[in-house]
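Next come two complexes built around chain A: one with chain B, the other with chain C.
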Partner chain A sequence: MSSSNGVMMTVLGTPIPPTNAPPVPAATAKRPMRRKAYGKRRVNWFPLLLLTPLLVIMVIFFVVPLSRSVVISFFHFSGPGTFDSSQLTIQNYKDFLSSPFYLGILRRTFMMSLIVTILCVAIGYPVSYYMMQLSGRKQQIYMFCYLAPWLINVVVKAFGWTLILSPAGYINTILLNLGIIQTPLHLMYNDFSMIVGLTQGEMVFAVMPILASLVSMDPELRSAAADLGASRVKTFMRITLPLSLPGIVAGSVFVFTMSMAAYTTPALLGGVKVRVMSYIAYQQNTSTLNFPFGSAVSVILVIFTIVVVQVYMRAMASGKRKVIFR
Partner chain B sequence: MELELRGISKSFAGFQAVTAISFGIEKGELFSMVGPSGCGKTTILRLISGFLTPDEGQIILDGQDITFAPINKRPTALVFQNYALFPHLSVFDNIAFGLRMHTVPRRDIKPLVKEALDLIRLPESEEKYPSQLSGGQQQRVALARALVIRPQILLLDEPLSNLDAKLRENLRIEIRQIQKKVGITSIFVTHDISEAFAMSDRIAVLNSGLIEQVGSPVTIYESPHTEFVASFVGKSNQVLGVVDSVGDGVAWARVTNSMRICFRHDNDGRIKEQLKVRLMVRPERISLVKSSTPNVNSFLGVVKLAVYLGSEVHYEVDIDGYTFIIERQNHKNPLHFSQGDRVFVEWGDDDCSWYSHTSD
Partner chain C sequence: MSSGKGKSVFLTSFNVLVTVFMLAPMVLVILTSFTPGMFYEIPTTQWSLQWYRAIIDVGFLNGFVVSMGLALLAALVSLILGFLAAFVMTRYVFKGKVMADALFMAPIIVPAVALGVGLLQFYVNVGLYNTFFALLLAHVVITVPYIIRTAAVSLSAVSREMELAAMDLGATSRQSFVHVTMPLIKSGLISGYIFAFLISFGEVAMTIFIIGSKYTTLPVDMFNYMLQVNTPVIAAMSTLLIVFSIVLMVVLDRLFGLRTIIG
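On to the complex of A and B.
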């Protein structure tokens, strides 16, 4: 499970310091005798030193606020912008878990992320497979094309989708002019536009790990399979697909986690009717000013995501497939 | 002739890898292709297995043209240089892969795989994964995986080059034994001439996309047809001369004023007076003596270098400005010479082979 743990760490954005980092020659040379004589475990501070700036930023802007949210989620709401910290309660969680409205939003967020993940992998896999066969230079150009949307602000991207999907947008204009439809289709401010926007935005995070797993595969394996009588389809199903599973798992974990936490795209493309967890957390914290409940929503979102991702990764790397993930 | 290549040519983006190659392989024979890297030997193997298609020429298997047959429909199996075992499949599943692809009934697969594992002497490893095996074991599994589908032609693409020297020598004997036991027609590609000598019925020596010579190991070593073959398959002393006398079965060529070499020929009319010839004699065929014996080829020289190598002694002797390398086995009572000694360098007329010297 070492590789899947690695994925998890990256997902949470917490880099783990390498445990078997190479020793620093200068430091080793100073006390070679003592080390040999007592076999004492020496802490190598140098890698840690390099990690310090990032660790400080992570602690101040990630660990502290998140821990604070966890704590506040157990406080009582005592009016907009205030809370009662005198005693702990699980009322906020009870409120959430007993409300069909909020559970519906969790379900919607999950379903949306699931669909986006499936679409990203299903569309991204053939793209990766095609890119794998290209030369290094062409591969870079293609990768840039898929990365390019990330150079554009997510708000601008959402506006771009408005131009395409809105009742007066390109799609509706073309279909109306061709006489295929009489009234504009409702393509904006619903699940559809949200899923389209997220899929387009997050596709590259499925493509990159899948491509990496395909490229690292020995091409002779496909040759060997063909030589042993396997058709192209069988070679793909028996050799290429199973061996690219780590890439698929990594890619789907990236996309799923990002979709669960997505805020801007659902807010701009989902409109007022379609709400997701991150939007509820934002609304509770900034409009309703119910910090304890807003915190509880955030914590539920984080825990739910971690559980789903862990169950998924364990299921994928189980049984005979274990060997692929080693 | 079981497999026949007729005028095969192949080029890659302007690089002529193989030019008008033709040869045939008999049933049950182990045929080696040797040559330096880039000589086209691997290309030929890939043309036969179907990973490449030739620009020109035909590949005939049992009278059938398979030049453009798809890879998975050819009765050939390739053993890869880097083994190419499927890392996510156990040894059993690796070997069974080809059987499953050929839709062998499920109940027959197990005994066939067991039989293959016995053949490569790894009966207990079916549950293991390739990463748990040593390099030699992996290559044996790769061999079993190829053999189990009962291919008509077994193709081996430098299967031993990733292994260490000791293992290589053991495995080449083992592969040869298995090949003979199964009786499978095999083509073996290597850049190591000793490997080819140890394993092959016949050898083809290739150089820059052309076949230089095809023959048994003995023929290739003793009677090389070209300068390239002579130097590629072993150490050699080569001198240029002009034929000045032709007799029945023997001829003489003048190399320098004092060096006139006697050599054998086949009376096939190729040897004529005034013909420029290149004469070749292997270092181990030359003897060194203190006083001249009535030998046909006996020349006085000066020892320039004597190196003791244990099982043999390596000499370099200068004769009229020509340096001859000589390897003497370390016999019980060896005559040792040292630098500066005057010695007679001798060999028989049958120790010498010749080929006409193409003007270069």
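On to the complex of A and C.
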């Protein structure tokens, strides 16, 4: 059971260490290779040789572009697609941080991500709790319902929400026909539609880690608490919830990070008035080709996200201690 | 305690609602795609396949070919390189292993936008922009973590004792690998490949930065189409994609068990 959860967590890349597949212990892994097929000298080179192609690709197409863009953010803009690398400047950051327009977009992105994260955890927890109690085939099918939206294209999902939420969409049509409303509700191209779309799209990233933490919990603990006279609410509050906290933390960090960087869903569901950080990064880099400022936007987005996640994880760590050792 | 397991009516009905919320967009897209008219509505009396015919006129076929080629190739390159990396990661201990692992997993954590910005600037400045090669390598980078994870899981599930037993019986380490290890991890590798394919096939956020005028992928085509015109042809194309993804997911399930690969 626990190993299959490990797989799940690792595939989703949640940053919980114990879920990684444990490597074969060093000594036993190395010895036979040396003894049987390879000479002593080849042993050190063989693994490196196998790793080299991927390492080269990762350095050229991942490390270099990312570090370059950080460096470029400290250069002056000197025309579309070019920059003046003769001197360093923090002007791009100043421009961003002194503009109410850009700060407003950062604030909007943050608020949106916060709401989406809270919704995903608040809805995802009961879903995981329910999923945990299902058995075998049923659990598999139910999980499929949550995984399917993830592996189905974002554009398709956003389009589905357009059908539901737009002025002539299904919700408005039904409500108008029933006579509940006289004019169509504004459900589309605003914060609401964006949050709905992101919540549905990222739900799976809250559900999976929470489910993993619930399943790995010893069910005896719950029955022990019940045997000792704890009510169901108390058992949940003192046993289940604290022990599933790692799953909640992992899930919320994942959802928050993804929402902060989301581009497609906000672009399709948020419309022209509602813009987020990714959109600004896109616009600066592809329309005006202002690489230095575009880089700065991307760097600010990443650093802001990291800071929020760190503060949150610290707070959760100390909060957890308080809950358990109360 | 009315039900011992605590499956309350409230919890069940809540879950039914959430499931509807999760699946409604897809179900409605499929139903709408058969509309006979110009508008988005669920056909009641008359069903039509006209919007499926329109897919070709709109030019989505081009994007589909690019996306297919890109995803098939990127997943293949990822599979080969990722498998080698996973093999080294699970079988050897070496200096810098933790760093290498962090590097290979990083594309999952780094926001797609940040990578898109970096790659766009890099490609423009080195002259790789608007090439298929540029798209391919970018997709290898974002799919490789998924391959490494699934391959590492499969590899660590093969007990080292089995390989050693084969070698004690006289097999070379290469023979033991081909005849013992490979058959055991085969389904894991195929699953990893399909998984990487799906990730690449659906990627928009990073791809939209580096996409040139020459090669556009299907999701990016659809994205742009949705921002400009809006006809039910999108519903027809989306339905095909939904069916395609679900078929692949079922294959994954049969092959490896979705439970084991993802849950």
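Heads up, the rule we're going with is that the second predicted complex is superposed on the first by the 261 of 326 C-alpha atoms of A that agree within 3 Å, B and C clash if a C-alpha of one lies under 4 Å from a C-alpha of the other, contacts with A are read in each partner's own complex, and residues count from 1 in each chain.
Operating definition for what follows: a contact is a pair of C-beta atoms (placed from the backbone, for glycine too) under 8 Å apart; a residue touches a chain by one contact, two chains touch by 3 or more.
For clarity, every value in this text was computed on a predicted model and none was experimentally measured.
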| item | value |
| --- | --- |
| Chain B versus chain C as contact partner of A:L228, first or second or both or neither | first |
| Which of chain B and chain C A:G81 touches, first, second, both or neither | second |
| Contacts of A:M111 with chain B and chain C, given as first, second, both or neither | neither |
| Which of chain B and chain C A:A122 touches, first, second, both or neither | neither |
| Touching partner for A:V307 - first (chain B), second (chain C), both, neither | neither |
| Broader residue contact with chain A after superposition on the shared chain, chain B or chain C | C |
| Which superposed partner A:P149 touches (first chain B, second chain C, both, neither) | second |
| Residues of chain A contacting chain B in one complex and chain C in the other | 226 |
| Contact set on chain A toward chain C in their complex | 4-8, 10-13, 15, 21-24, 26, 28-30, 32-33, 36-38, 44, 46-48, 50-51, 53-55, 57-58, 60-69, 72, 81, 123, 126-127, 129-130, 133, 139-140, 142-149, 151-164, 166, 168-170, 173, 200, 203, 208, 211, 226, 232, 257-258, 260-264, 267-268, 277-278, 281-282, 285-286, 291, 294-295, 297-299, 301-302, 305 |
| Chain A-facing residues of chain C, complex | 1, 5-7, 11-12, 14-15, 18-19, 21-26, 28-29, 32, 39-42, 81-82, 84-85, 87-94, 100, 103-122, 124-125, 137-138, 140-141, 144-146, 149-150, 152-153, 156, 160, 163-164, 167, 172-174, 195, 198, 201-202, 204-205, 208-209, 219, 222-223, 226-227, 234-235, 238, 241-242, 245-246, 248-249, 253, 258-263 |
| Residues of chain A that touch chain B when the two form their complex | 218, 220-221, 223-231, 234, 238-239, 242-243, 321, 323-324, 326 |
| Chain B residues within the chain A interface of the complex | 49-51, 71-73, 76-78, 80, 82, 84-88, 97-98, 101-102, 129, 131, 145-146, 149 |
